[in-house]
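Heads up, there are several structures right after this.
Same chain, two partners: chain A is paired with chain B first, then with chain C.
Moving on to the complex of A and B:
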């Protein structure tokens, strides 16, 4: 079988070739092309693209340029959403997994399905459902608040409520996925460890802190990193629910990049912004990885 | 042993939490059967006073600006073809890298795995320009092809093929089978569960994607259901919660039913993918 003649290598290469082609055309070339675009004054309507070196990048860091505000305002808003949503996505995901785990056997599957159902709908449906529930006048929640003689909440038109609304909708939509990953990890925690813990007189809480949490640390890291990346990439929820408002306070970086590219048609600027955003995401992932693995 | 009051408390908590997940969907259904007048009137009517099917009739009538069924067809078509492409090219590549004498194998593997750490935002605009250059915007190609470059499937299957016992393949080679026959007759059938996992992940990824189909299509008949609904929400349905909710109900019910049927495989898939 270990026939490494050129003929055999050739037929073996044919197995990898189709994917390699798609990889080059739809990933490698775009990466290089994007970097290339970011070095040009690239107006979508102008066929001449003047080479400007790193000027698009320096503009982003120059406080006199509108790009500076566009990038860092957007980044600040994105960060806010990350800070609001990631802790909830992790803690509530784990909480639901523990809740499902504590249920008697027959009910486990049922409630796991119930909590997982919203994951199957698309972002536009999520936005429409929650807009209707959070509507200031005819929304479900405010109607109940009114019934209880409580003050109405401007869910989508005031800060920090707009962030809270976006976080709630996102949580409702995606938390089931994190829950399933946690359920899986909790099932893998060795039963013997718990028994040993009980024999040593550890109560439920102590067992959770000293046995469960350390055992699921790799899963925790995975959920933190994927939730952070997903929150960085948020677009549909603010685009459809708040349209970046009130004002521009929920206008996330990705929305600014898309606007700069397709509304202002300044592709060079937008490409430079995308590259910087990606760089920041990579650095944050590395930091999260480092921090978790240092505590060992 | 758990004490009984604790158990009951947990069940009650689970039901309350469950309501939070279900109520938004029930409210959507309730509104979809209401007239707009009733929907806007205050009053928490879970059962519509005037039960109407007009919203559904309107949404399904196939008006040129809301070809809902056509959009769903687009989403299914794009999702299925996109998934099939991923399955074919990924299984081939993963098997080649895991088992065959592919030149530069080590370098290729590290490049593919490394590519998974690259945020998608980097390729978004240049990909758009690439499709624009070839005049492929607003076509099925732009809605299907970009998803095929993702290395996740190659990595997932590569891991599986590496752990697959070699003896079966070697026996087949001794019997005179060639690489292709071994791949099709022995390797692929054994990998069915992993392939199924990859299929579900890929399909859901394509079916629910939003920003890419939003910016790369603009004619009503090229919209996917996700982007089509978004455009209705900002456009002609903006002041008609009844129609909007009928539209979202039509889009949601099949997805939810499919999901309830398929979720066991999906959860098994999460376990198998080694996401831990």
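Moving on to the complex of A and C:
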């Protein structure tokens, strides 16, 4: 008995090994190296990297330094995007899952695929498609508005439209993923519960609130956390669609970090900014986890 | 039966794999034999667009023309180019022996002593400054040393739609040359009921070229005594004039988004368009009846145009004389044989081409680009111009979107750039 458990432990460890290896090589080592870089005055073109301790971090919090504005302006913009996009990503994802789930067999498969397709294209394609649709003076939507004698909407050059456009494009691009996760969760909800609910006289809405939602709670938590992390990492959409404009209102934190790293060539500062950003994301995820679990 | 099939499959796969391996080995061999025994010179360039194949042809022709040297041409995508170059210079990757560098980047690398002073090498090889456009050659002089052999200058140019000119009763062979003519033509070409505009004003790229052009034409400077000087009276005048084209003259729609003006030009709804010579192939593909002209003098003082350029530079670490001989030999060949480069729309900085080649002079766009060489001006020679100028483009964007007064926008841009400078 003991022997087999030792063996099975070894086998399972072997199964973990490939992932562990990749994790160490592509995540752990770069993260540790990044932390190491963040403690240095690391100019990409300078062969000497002087050790400066936590100076790069204190600069971020020093209001006299341009890094302060670079970090907190970027963070503010990223936060805005997270706040606008995450509720949409979760609610629309769940809504689509419910809709598609209610369809008859063959149509279900068809629509599941249709909604999932955008997820498989790259961000540059997404940006080009939406640039064409949203163009103020020659885009699809505004052409229709013009025909209906409605005022043109500056989709990408005015606030709050720029955020709305970025959220719409992101929604269209990534909603398929959340939808598929929700569909699987919904399939796992026991039919008997619904039956029992119906017998007790619960209507559709009541069944949704009291049976569906509690049953898919773990999935909900997963979707909320992954959507938040994904939204925090927003980069491609504003970089390609608004170029951070109008002014710098949609210039998100990652754009600023990339600029600092490769335009200004200050890898030390950029690494410090990235680690702070990661820290913030970790704190938010833990909070989300705690809040959801407390209700239980 | 099933088993047999399986074995057959494995055998076939193995055969295919072996075959492809053999194929790889074979092609590698031919690659090497192609080069002969010449001294190998690695050459990097960011030409991942339509210009890549042009440069490749030049290199191939050179390799076939002699057997002493073998140039190994490697294209690094534009978006990753300077990252890759930086890593090479910081010793984490094998550095090339010769590479292309944009004029506005030279100072960053020269300051850190990463580029080779080519003064002696050039003299020894008989490459002369007089063989190149003075503007291009001089840009390689930094701190008393000379770092470059120029390939081209790419200044802002004006494209205009000949069909729209004709329809508006303007001479399609005569583009406007100054502010008055330009504004008058733009007004005539505008018909907002048809959603057609004289000069659609971009609010983002390529204002990095257009705004400095207007400023230089007003006699202003982007930097003064090493400090950002974005809010000079000349700059305010330039931005006010530029913005008034939207708000007062109404020859441009409001709220133009990224590439919105290009889309309208392609649709024949934008009559005049300022952009770089690299746009040519796109217009040709779209089949527009377009004309090319020097940028009109829209400023109040002088004719000038903002430009960037491609230059050959050599890393400071290259010391082997045999290699250096090879590099100069190759670059001398390039100077005399860049007609191929001109075909992508660019004007080579070599006089052998732009002054002496009859074939070049017969081209449509390229001689016009070359005619701007004498008054072309590059970005200020300062380290990290990219980040130092970022606040300017963001504030110009706000002013053109009507969200900020030009004076206030330029004041803010100067303040932010100073902050970046005083890090």
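Everything that follows uses one rule, which is that the second predicted complex is superposed on the first by the 269 of 296 C-alpha atoms of A that agree within 3 Å, B and C clash if a C-alpha of one lies under 4 Å from a C-alpha of the other, contacts with A are read in each partner's own complex, and residues count from 1 in each chain.
One rule holds for everything that comes next: a residue touches a chain if its C-beta (ideal position, glycine included) is under 8 Å from a C-beta of that chain, and two chains touch if they have at least 3 such contacts.
Just so you know, these numbers come straight off a predicted model, no measurement behind them.
With chain A as the common reference, the superposed partners chain B and chain C clash. Once chain A of one complex is fitted onto chain A of the other, the partner contacts of A:155 are limited to chain C, with no touch recorded for chain B. In the superposition on chain A, A:65 makes contact with chain C only, while chain B stays out of contact range. By the document's definition of touching, of the two partners only chain B reaches A:229; chain C does not. Of the two partner chains placed around the shared chain by superposition, chain B and chain C are both touched by A:262. In the superposition on chain A, A:122 makes contact with chain B only, not with chain C.
Greater residue coverage of chain A by touch, when chain B is weighed against chain C, goes to B. In the superposition on chain A, contact is made by A:99 with chain B only, not with chain C. Shared-chain residue A:271: touches chain B; no touch with chain C.
Contacts of A:138 after superposition on the shared chain: both chain B and chain C are touched.
Overlap of the chain B and chain C interfaces on chain A comprises residues 131-132, 137-138, 146, 240, 262. Interface of chain C with chain A (complex): residues 82-83, 86-87, 89-91, 108-109, 112, 114, 195, 200, 203-205, 253-260, 263-264, 267, 269, 384, 386-387, 390, 394-395, 397-398, 401, 403-404, 416, 419-420, 422-423. Partner chain A is touched in their complex by these residues of chain B: 2, 7, 10-11, 13-14, 17-18, 20-25, 27-28, 31, 39-44, 85, 88-90, 92-93, 95-97, 100-103, 108, 112, 115, 117-130, 145-146, 148-149, 151, 154, 169-170, 173, 178-179, 183, 204, 207-208, 210-211, 215, 225-227, 229-230, 233-234, 241, 244-245, 248, 251-252, 255-256, 258-260, 263, 267, 270-271, 275-276. Across the complex, chain A meets chain B through its residues 1-4, 8-9, 11-13, 15-16, 18-20, 22-23, 25-27, 29-31, 33-34, 37, 96, 99-100, 102-104, 107, 111-125, 127-133, 137-138, 140, 143-144, 146-147, 172, 177, 180-181, 184-185, 188, 218-219, 222, 229, 232-233, 235-236, 239-240, 254, 257-258, 261-262, 267, 270-271, 274-275, 277-278, 281-282, 285.
Interface residues of chain A, counted against chain C in their complex, comprise 44-47, 65-67, 69, 131-132, 134-138, 146, 152, 154-158, 240-248, 251, 259-260, 262-265.
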